[in-house]
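What follows are several structures.
Below are two complexes that have subunit A in common, paired first with subunit B and then with subunit C.
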Partner chain A sequence: MEAPPVTMMPVTGGTVNMMEYLLQGSVLDHSLESLIHRLRGLCDNMEPETFLDHEMVFLLKGQQASPFVLRARRSMDRAGAPWHLRYLGQPEMGDKNRHALVRNCVDIATSENLTDFLMEMGFRMDHEFVAKGHLFRKGIMKIMVYKIFRILVPGNTDSTEALSLSYLVELSVVAPGGQDMVSDDMRNFAEQLKPLVHLEKIDPKRLM
Partner chain B sequence: MGVTCVSQMPVAEGKSVQQTVELLTRKLEMLGAEKQGTFCVDCETYHTAAATLGSQGRLSLAGQAGKLMYVMHNSEYPLSCFALFENGPCLIADTNFDVLMVKLKGFFQSAKASKIETRGTRYQYCDFLVKVGTVAMGPSARGISVEVEYGPCVVASDCWSLLLEFLQSFLGSHTPAAPAVFGNRHDGVYGPADTMVQYMELFNKIRKQQQVPVAGIR
Partner chain C sequence: MQREEKQLEASLDALLNQVADLKNSLGSFIYKLENEYDRLTWPSVLDSFALLSGQLNTLNKVLKHEKTPLFRNQVIIPLVLSPDRDEDLMRQTEGRVPVFSHEVVPDHLRTKPDPEVEEQEKQLTTDAARIGADVAQKQIQSLNKMCSNLLEKISKEERESESGGLRPNKQTFNPADTNALVAAVAFGKGLSNWRPSGSSGPGQPGQPGTGTILAGASGLQQVQMAGAPSQQQPMLSGVQMAQASQPGKMPSGIKTNIKSASMHPYQR
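== the complex of A and B ==
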């Protein structure tokens, strides 16, 4: 079958570009309980929610210097939950005064054959890990306190090993772009968690 | 979704696409089917840019070069998006997948003038849902699609003979054979992805046809 002629014309979406606002920090294992206690007091009243997720990071190498990264995440403790595919863009280099890291984000719920489909598209898995922890909410803010586990045998999520003796703490909001109020609210909330944890804007490039 | 059969209805001799659609819908209404709104199934084709595979300055001749990916929508599932490869997996995702395809435009290019869609009326007749649509590429009508769903059953082998009988009652000699997707599932349970595969095959067949097919011998 011959392929139809190809053009460079892009197909335009029409939806609002959502951005993820992010602040990160960490606490040592022995400080976890006090942090959870404070979060339970500050956050919305709900049943304490824990999660156990398996995330795989896929790369698509192309002509461009930097490969396209997609994150596929599945719940290991909630049967029947859809898989979560996430695209995160480069952090917006803008206002140095902005309190949170801002980057373009696209979240898609998918069926279970996501990894097969990504491989068919040409993506290859770069790395994977297991995340286990707690989830809190305050309004539109999401607070996650979790531990990352390295997977010892690729594909086998039963044999894992903790990456460090600490928990990663993430405060994030997904909202339309340009809303500086969001990062102000996040900064104010982060103040309330001091000195248990210091949440800050961490530029991933500085870590490379 | 119940077991569904998607087929093409050739245009009646000496008549236009629209007239044939009207003939069919009149037959359905005489049977006693009730009109229930409209439907639309569309399909956009993407070409994996062959230059993305292999190293700089060398076009990869690996089997993956130039694969076609179809991104489809079905008005029956307005919040979903279906992405599939021919003879490959069919991914069911939410409509944000379209936004992702815009981000991926450097790696997947939309094939020129490839958007094809079928639009028409939905008819409910007891447990059958019948959709007769005009398949169009841009402004030109290229054919007629007929989709029949038997709601109560999800196992194809259990209800194919019943579906066939119903199809014969209004399609007559243009009744199709059992769709190939029926044999694909080892557990035999039919799902919306199977319907989208059938539409993809129908659209590909219609794309290849140079002109609107006519019933009878030419």
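== the complex of A and C ==
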């Protein structure tokens, strides 16, 4: 009798707890070109990759005070690409010396009926936006430079307008927790982007 | 006793490393000067100088380190002098000192300065003693004043050129925009408030009335508040809303949304 296929067995083992290390900054529209050139020089040599994504953030209001947040993202320019579901935990408030924002991160690819599934589970969409920009990679570091567009009519991704005159620049790494070397490497890379962009760890709670 | 020996050895190793680094950078600087002198730029020369100065600094730090024993108390005595080639010594000095003989030792193990240098130094000290204390003091003060004048002039020049030239180009990013964008991505500040949460908004207690009006107002109202030109009305108003709204008013918008939608069977 052969062992049942893996999919039938209950998932009891834990996966490695992946953390997202994040540094954010912004660049004004007129300086975007210089930033892109610098990134093309600094990052791995590959074709410049642009993306146009539509992200929806779902909240599940439970008995606890803070709602559970899930982010669903789909690509608007790549047909056939799977949807991407992501959970981001609260930022780890540990070490003041750590140079990057660290939070728990769970990523998974899903099929297209993700929104229906989430609605059935009881999630409600809180907000959505369209992100359009460029993607660069350097080793395990991912650098995204994108503009956020507000969606004027809910559900209609054609009527959008830019949220501000700047592009958001994000330097992120998804790695197992506890690796301080990752944040050191990120800071060294961020140094090379000064004075065009100041990448720093920004605590979202401060901006509430 | 043993601890001191270990300390001595460790500090000697550190010193050796530092000196080797210094030698390497000096060597590369000399090479640069000799071979690339027609293409050399002043900033590149400055870089090499800065590197050397940094290394000298670290050397000083290593010497001043509390764990370094006083090298002054150690004496090096040559035990055997021979005119034969010493392969071991060649290897250790990278081929520069082939023979440990009586020509090499005075130069390498010297602790006092050269006789000529010693003469000059003695003359300088007698000169300094000759002119008298207050004349010397006056000279010191005038030197300090000249140096500070010069420094002031340089820094003023630098400041003026910076403010004139760099400022128009300097703004490549706007911190307020950074905050607005990060807030938008993190919890939808400025994104979800387009939706008329005003349906349940005005009825909600807790937040001050202006808060919910801000959160639930339609685009037109925002535009009148911002007073922006017609083309950029929605965009500017969005940014104004994100920046002008105080903390504590935005969450009310989100909460009212959830409350109105929370009548779901699975919730119970």
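We take it that the second predicted complex is superposed on the first by the 195 of 208 C-alpha atoms of A that agree within 3 Å, B and C clash if a C-alpha of one lies under 4 Å from a C-alpha of the other, contacts with A are read in each partner's own complex, and residues count from 1 in each chain.
Keep this in mind: a contact is a pair of C-beta atoms (placed from the backbone, for glycine too) under 8 Å apart; a residue touches a chain by one contact, two chains touch by 3 or more.
Because the structure is predicted, anything quoted here is derived from the model rather than measured.
Once chain A of one complex is fitted onto chain A of the other, the partner contacts of A:195 are limited to subunit C, with no touch recorded for subunit B. Judged by the touch definition given at the top, the superposed model places A:150 against subunit C, while subunit B stays out of reach.
Within the superposed three-chain model, A:24 lies in touch with subunit C and out of touch with subunit B [touch as defined at top]. After overlaying the two complexes on the shared chain, residue contacts for A:64 are found with subunit B alone; subunit C is out of touch. Judged by the touch definition given at the top, the superposed model places A:121 against both subunit B and subunit C. Judged by the touch definition given at the top, the superposed model places A:87 against subunit B, while subunit C stays out of reach.
Looking at the shared chain after the overlay, A:41 reaches neither subunit B nor subunit C. Once the two complexes are overlaid on the shared chain, A:163 sits against subunit C while remaining clear of subunit B.
Judged by the document's definition of touching, subunit A residues 61-62, 121-122 lie at the interface with subunit B and also at the interface with subunit C. Considering their complex, residues 24-28, 31, 34-35, 57, 59, 61-62, 67, 121-122, 124, 126-129, 148, 150-152, 154, 161-166, 168, 195-198, 202, 204, 207-208 of subunit A touch subunit C.
The part of subunit B that touches subunit A in the complex is made up of residues 44-45, 47-49, 51-53, 56, 64, 66-69, 83, 85, 88-114, 193, 204, 207.
Of all the residues in subunit A, the ones that touch subunit B in their complex are 1, 3-13, 15, 17, 60-64, 68, 85, 87, 89, 106-111, 113-114, 116-117, 120-122.
Those residues of subunit C that touch subunit A in the shared complex are 170-175, 177-192, 194-195, 234-235, 238-239, 242, 247-248, 250-251, 254, 257-258, 261-262, 264, 266-267.
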